[in-house]
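To start, the structure itself, in C-alpha cells.
Read from first to last, the chains carry the letters A, B, C and D; within each, the first residue is number 1.
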Amino acid sequence: MLMQQLVNGVMIGSVYALTAMGATLIYGILRILDIANAAAYAIGAYLGWYIYSISHNLLLAFLLSMILTGLIGVVIQKYIYYPIISKPNVIPIVPLITSVGLFTITGDLIRLILGPNVKEFGVVFKSGAIKIGKLIINPEWIFIIVLTAVLFAILWFILNKTRLGLAWRATAEDSEIAKAMGVNTNISMALSYILGYGFAASAGIMVGMLYNSISPTMGDIPSYKMLAIIVLGGLGNPVGTVVAGLIIGLAETLVSAYMGSILPRDAIAFIVLIFVLLLKPSGLVSKKSA
Amino acid sequence: MNKKLKSFVSLALAVGMTFSLSACQSKETAPAPATGGTQAPAENKDPIRIGFFAPITGAAAADGLSTSNSAELAVSIINESGGINGRQVELVKYDDALDTKQAVNIAQKLTTKDNVVAVVSGSYSGPTRVAAPIFQEAGIPMLSGYAIHPDVCKAGDFIFSQSFAGSVQGKAGAKVAVDMLKAKRIAIIQVDIDFGKQLAESFTEYATANGAEIVSVDKFAMADKEFAPVVTKLKEEVKPDLIYMANYYGHGAEIVRQAKSMGLNVPILGTEGIDSFQFLEIAKENAEGVILTTNMNRDSENESTQAFIKAYKEKYGIVPDMVGASVYDSFEVLFKVIADVGTEPTAIRDAIKGLKNFETVTGNLIEYAPTREAIKPVQVQVIKDGDFHYYGVVEDTEIITPPAAN
Amino acid sequence: MQEMLRVEKLKMHFGGLKAIDGLDLVVHDKETLGIIGPNGAGKTTLFNCICGVYKPTDGKIFLKDEEVQGKEPFEMARKGVARTFQISKPLRDISILDNVVAALGINEYTGFGSILKKSHKKEIVDKALEIIERTGLKEFKDKKAREVSLGYLRRLEIARALAINPLLIMLDEPCAGLSNFAINEVIDLVMQLKSEGKTIVLIEHNLPISMKVCDRLAVLNFGQKIAEGTPKEIQANPQVIEAYLGEEDDDHVNA
Amino acid sequence: MYFTVVAVNVGIFVLLALSLNIIIGYAGQSAMGHAAFFGIGAYTSALMTSTMGISFWISLPVALIVTGIIGAVLGLISIRLKDDFLAITTIGINFVVVAIFQYSEIFGASLGMTVSKPLFFGVKMTAPMYLTLIFILIVLTCLFINKMNKSWFGLALASIRNDEMAASSLGIDVNKYKVLAFTLGTAIAGLTGAVYAHFMTFIYSSDFAFIVSISIISMVVVGGIGTIKGAIFGAVLLGVAPELFRFLADYRMIVYGGLLVLMMRFQPQGLLGDNSFIMRNISKIFANIKKQKGGGQNAGNA
C-alpha cells in the first residue's frame, strides 16, 4: 500500500506543482501574488473544454486555450497590473486585492455565461488503468506528470538559456536597471504573463480531465493553495515550486492514508508551510540556488 | 490640528452612520403593518407574498440555481392555474451567497419590509440556521427545503423541515446496507459538515446495532476532490464489503471513478447528496449500480411527480434533483395550507402542523413529527442505464419517525 | 583623554567573507574620528557591529567600559550611540517634525505603557523645533519626509541623531550623493557639532572632507586597520596611498 | 429593524477594519489572517456563555484578553518573517485555526455552535441593543486609536511602518512593538467576535475563513489604509455593498469585484487616503470655506 500511496502523492503533488507554476513565474518576475492566476486556471479549463467539444482534438484544445488565456493575461497585465505597480508608494497588498477582485469577476462571469453546474470534461483515455504488479496507475496521471515535466523543462530552458530568461531575471532584480540595459521590459513582462497564464490554463485543462469535471468554482482551492506552494518553494523559484508541490502532495496523501482524518487537507498544506518557514524563513529553495 | 480634525471626521462619520440607519429604520417600521395581509378583508386581491432565499452566488451556486428554479416553477404553475383562491402568488427571492451574515439581513428584510406570509429556505444549514430564530420571533412560518441541521427546527414552532431528519436518512441507509445488501464490513466516507456528520452517525448507530461492523471512517473537507489515497487504503487494507458515502455529487463522482479505476469492486451506497444529474454526468458509466437513499422516486406512478419532472425539464432543459424537488414540495405544502386557511401566519403554522397524508412530488408526506421534521418514506434508488430508478423504499415507522427532540 | 568607544579584535564573517577581521579601534571622548578606506573595506559593517545591527562573530566592543557587543540596535541607541545611514532612512510618511519628535522619545518606548503618554507635549515639540532650527530644516518642518530632497534628508538624519542626546554620533557618509553646496552645508553642521564637544565617528569617502573635519583618521582595508593617525600622518603613509589613494585614482581612470 | 440588523453587521466590520488597521495600517505588517482572531474571540465567548453558562458581559473582556494572548503568541512566532512571507504565514494561520474549529468537538466541530441569546438586565438582547453596544465599542476603539496615535506608542508604530532599521536606531524595540500591535489588533478582533457570536446565535468554522480576512483587508485598503476614517468608510461601503447591490441580483458579485479592481486601479491609496480624489476635493472645499470666512471677516472689518 505504501508504494501505491507514494504514487498517489507524487501524482497529486504534480498537479499542485503544475497549478502553481504559472503563479511562480509571475511572482518571480513581477513580485505580484496573483490570485487571479487561479482564474486563468478556470478560464483555461473552460476554453479547453469548449475547443475540445467542437474539435475533438486534445492538442489543439491545449495549445489554443493556453494561447488565448495567455493573451487575456497580457491584457490584464498591461491595463490593470502594470499601471498599479508602476505607481509610486503602492503597498504590496494593492495588487493582491486587485487579483482577488479579478478572481471574483471571472468565477461569476463563467457562472453567468455557462451556469453554475458542474460540466463533464469528456476526454476519456481508452487505455484504462495501467497495472504494474500491484501498482495501479491511471493514464491521466502519467499525462500529468509528463506535462509537468515538459512545462518545467521549457521554463527552466527559457530562464537559464535564452535572452528572454536573462531579460526576466534583469526585470526581476530591478526593472529600471533592466530598462537601462536595453531590455524591453514591456515585452518581457507581457511574455511572462503569456506563459504564466498559459501554464495555469494547461493546469486547468489537465485537472478538468483528471476529475472529468469543470465548474465555475474550480479555481477556489488553487487560489490559495498555490500561494502556499510558491511560498514554500521560496517565492518565485520553479525548482522550489516543484519540490514544494511534491512535498505537499505527499504530506496530504500520507496523512490521510496513515493518520486518518485528523485535519482537513488545506490545513495540512499550511502546517507544512508554517513549519518550514519557521526553520527556514526564506522557503525551501532560496533564490541563489535557482 | 490635523489630527483633531481627523478624529472629529471619523467620529462624525460613525455617528452619522448610526443615526441615518436608525432614522431609516423608524421610518420603515412605523407605517408597516405587523405582518402582511393578515387583517385583509376576504375580497383582498393583492398578491400573496412568499419569501425565498438560496445561495444563488458563491460556492453552492449550483444548488442555489436548482432550488430557485423550483421556486419559480412552483409559483408560475400556481399563478397560471389562477393563483390561490383567486389571489396571485408573488415570490420574494434573495441570494444569501452561502453567507450567514447576509442570511440574517435577508431574514430581517423578509420579516419587516417585505410582508411575506411564509418563507421557504432553499439554502444550506448555516444560513437557514441563523435565519430560523428571526422568523420564529417574527411569527412567520419557514419551511426548510433540505437543510438538515438538527438545530434549525429547534428555533421554535414556526420552523419546519421539509426533508426527513438526517438521523432518519442515516438509519434508512443502514437498513438498506444491512438488510437489503447484507453488508457486514462497512467503510464510511463522509464530508465533514453537518450533513455528513449526522448521516454517518445515525448510520453507524443503526448498522452496528444490527450486526454490521464499521471498519473505517474517512472525513474530508467540502472542497476536497482527491480520493485516490482513501480508495487505495480501502482497497488494500480495509477491504470493506460496502462503502457508505455521506457526501455530495462532486465527491461521490470522484469516489466511484477512483474505485472503478483501482478495481475496488464493492457495492457503493450513497445518500440524497448524490441525487443530481451532475453526479450522473461526471461519473458516467462508473455510476452504474450505485444505490442511494433519497426523497424522490423517479419511477413513481404518482402523477404530480411525473408532471413536476416534465414541467421542470421543459422549462429549464435539465432534470430536477433532490434539492429542487424538496423546495418544490415546500411550496406545494404552503399553497395547500394557504388555500385552506388563508394567509394569517399563525393559521398557516397550525395548518402545516395538522397536515396529514399530503401527496407531494416526493411521495406521501405522512405528517410533521413533533420536532416539525417531515415524516415520509425514504426512497431507495439505483443507477441503471445512466438514470435513477426504483430499487426499494424504507417505510418502517420506527425508522422514518425522527426521535423526539433532545 | 578618556575613552568613549573601544573595539577589540572584532571579527565579522559572513560565510566565507571576512568583512571585518581582527579590528582594534579606540575613539576618545570629544574627538572626531574619521574612518576611510576603499569600497568593501568594512566601514559600514563596522558601524553595523557597533550599533548592534550585526552580532559580531568574535571580539569585544566597549562603550565607556561597558561591554556592549551583541546588544540590539535599540539598546545601543538608548545607551547613547546615534547613527545616520549611508542610504538615508527617513520615516517617509510622517513630517520632519514628527521624525525628530520620534527620536526625542528614545526613552519613552517602554511598551503598552507608552500608549498613555502623549508624544507631542509642548516641551518636546519645543525641543524638536530647536533641533530643527539648528539643522536648518525649519522651513520644511511640516513637510512629509518623502517630499524633501536628499540634502535635507541627510540633515534630518543628523537632527534625529542629535535628538537622542547621544554620547557618540556615528555618521555614515553624510555627504554622499550631495551637490557641492549641500556638502558644504552638511560640513558646517558637523563642524558645529564638533565645536560643541560632541564625540563623532565619521565614514567619509571624500578625503579632503575627512582631512578637514577629523582630528584623527583610521584607514581600513579588507576588514583590517592598516593605518591610524592625524590627517597629516595618514597623507604621508605609503601603505595608505597604495591601498586607498591609488585605488581612488584607478576609479577615476575607469570612470 | 432591517436597517438596524444591517447596521449591526456593518458595525462588526467597522470594528474588524479598525482593529486590522492597527496591524497593517499603523504598524505596516501584512497580516492576512484577521478572521482567525475574530473566530477565536467568537468561539471563546460562545464556549463561556453557552457551554459554561457564564454571563455574556464577562465573556466580552475574556474574549478580548484570550484572543490578545493568542495573537501575541502567534505574533511572536511570525515576527521574523517579512512582507510576503508574513502575509502567507498569516493566511496559513487562518486556515489552521479554521481547521481546529472544524475538527474540535468542544467547538461543535462540523455542526457549529449554537449560542444562547444574552440578557441585559434580565431582558434578551435585541438588535437595537446590539447596535448600541457596537456603536459604543466603535467609539471606544476610535478614541483608543486616536489616543494611541498621539502617543509614543503610535509614533513607534509609525517608525516601524516606515523603516525598521531607522526605528531601532531611535531606541524602538521593533520586535516588541510589532508583537504589541498584533496583540492590540487581534484583541479587538476577538472582542468583536464575541459580540458577533451572540448576535448571530450560531457560529460555524467557515464564518471565519480566509475569504472573510480578505474582505476585511479590502475594507481597510479601499477606505484608505492607516486612517480611522478610511477604515470606517471602507467597512461601511463594502459592508453595505451586498445589500445595496441586491437589485443587481445575479450581477451582484461581478459589480463588487469590478469595483474592487477599479478602485485599486485608480485609487490605490484608498478612497479617503492621502491625496485621493475625494480627499483632494474635500480639502479644496475646506480651503474655499476658509477663504470665504476669511473674506467675510475682512469685509466685516472694512
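Here is the rule we go by: contacts are C-beta pairs under 8 Å (C-beta built on N, C-alpha and C of every residue); 3 or more make two chains touch, one makes a residue touch a chain.
All values derive from a computational prediction rather than experimental measurement.
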| item | value |
| --- | --- |
| Most centrally placed chain - per-chain CA mean versus overall CA mean | D |
| Centroid-based (C-alpha) most distant chain relative to chain D | C |
| Averaged-CA centre spacing for the pair chain C and chain B, given as whole angstrom | 71 |
| Separation of mean Cα positions, chain B and chain A [Å, integer] | 36 |
| Between chain D and chain C, distance of the C-alpha-averaged centres to the nearest whole Å | 41 |
| Computed distance of Cα centres, chain C from chain A, in Å | 47 |
| Per-residue multi-chain contacts in chain C, two or more chains | none |
| Shared interface positions of chain A, touching two or more other chains | 89, 108, 264, 266 |
| For chain B, residues that touch 2 or more chains besides their own | 57, 192, 221 |
| Chain B partner contacts - residues on chain A that touch it in the complex | 1, 4-5, 8-9, 11-12, 108, 111, 115-120, 124, 128-129, 134, 136, 138, 211-213, 215-217, 220-221, 252-254, 256-257, 260-261, 264-266 |
| Complex interface listing, chain D residues touching chain B | 1-7, 9-11, 14, 102-103, 109-112, 114, 127-128, 131, 135, 138-139, 142, 146, 149-150, 200-202, 204, 206-207, 227-229, 232-233, 236, 242-243, 246, 249-250, 252-253 |
| Residues of chain B touching chain D in the complex | 3, 6-7, 9-11, 13-14, 17-18, 21-22, 24-25, 28-29, 56-58, 94-95, 97, 99-102, 104-105, 108-109, 111-113, 126, 129-130, 133, 149-151, 192-194, 196-198, 221 |
| Chain C - residues contacting chain D, complex | 51-53, 72-74, 77-78, 82-83, 85, 89-94, 98, 101-103, 105-109, 111-112, 114-120, 160, 164 |
| Complex interface listing, chain A residues touching chain D | 31, 33, 80, 83-84, 87, 89-98, 100-105, 107-109, 112, 224, 227-228, 231, 235, 262-264, 266-267, 269-271, 273-274, 277-278, 281-283 |
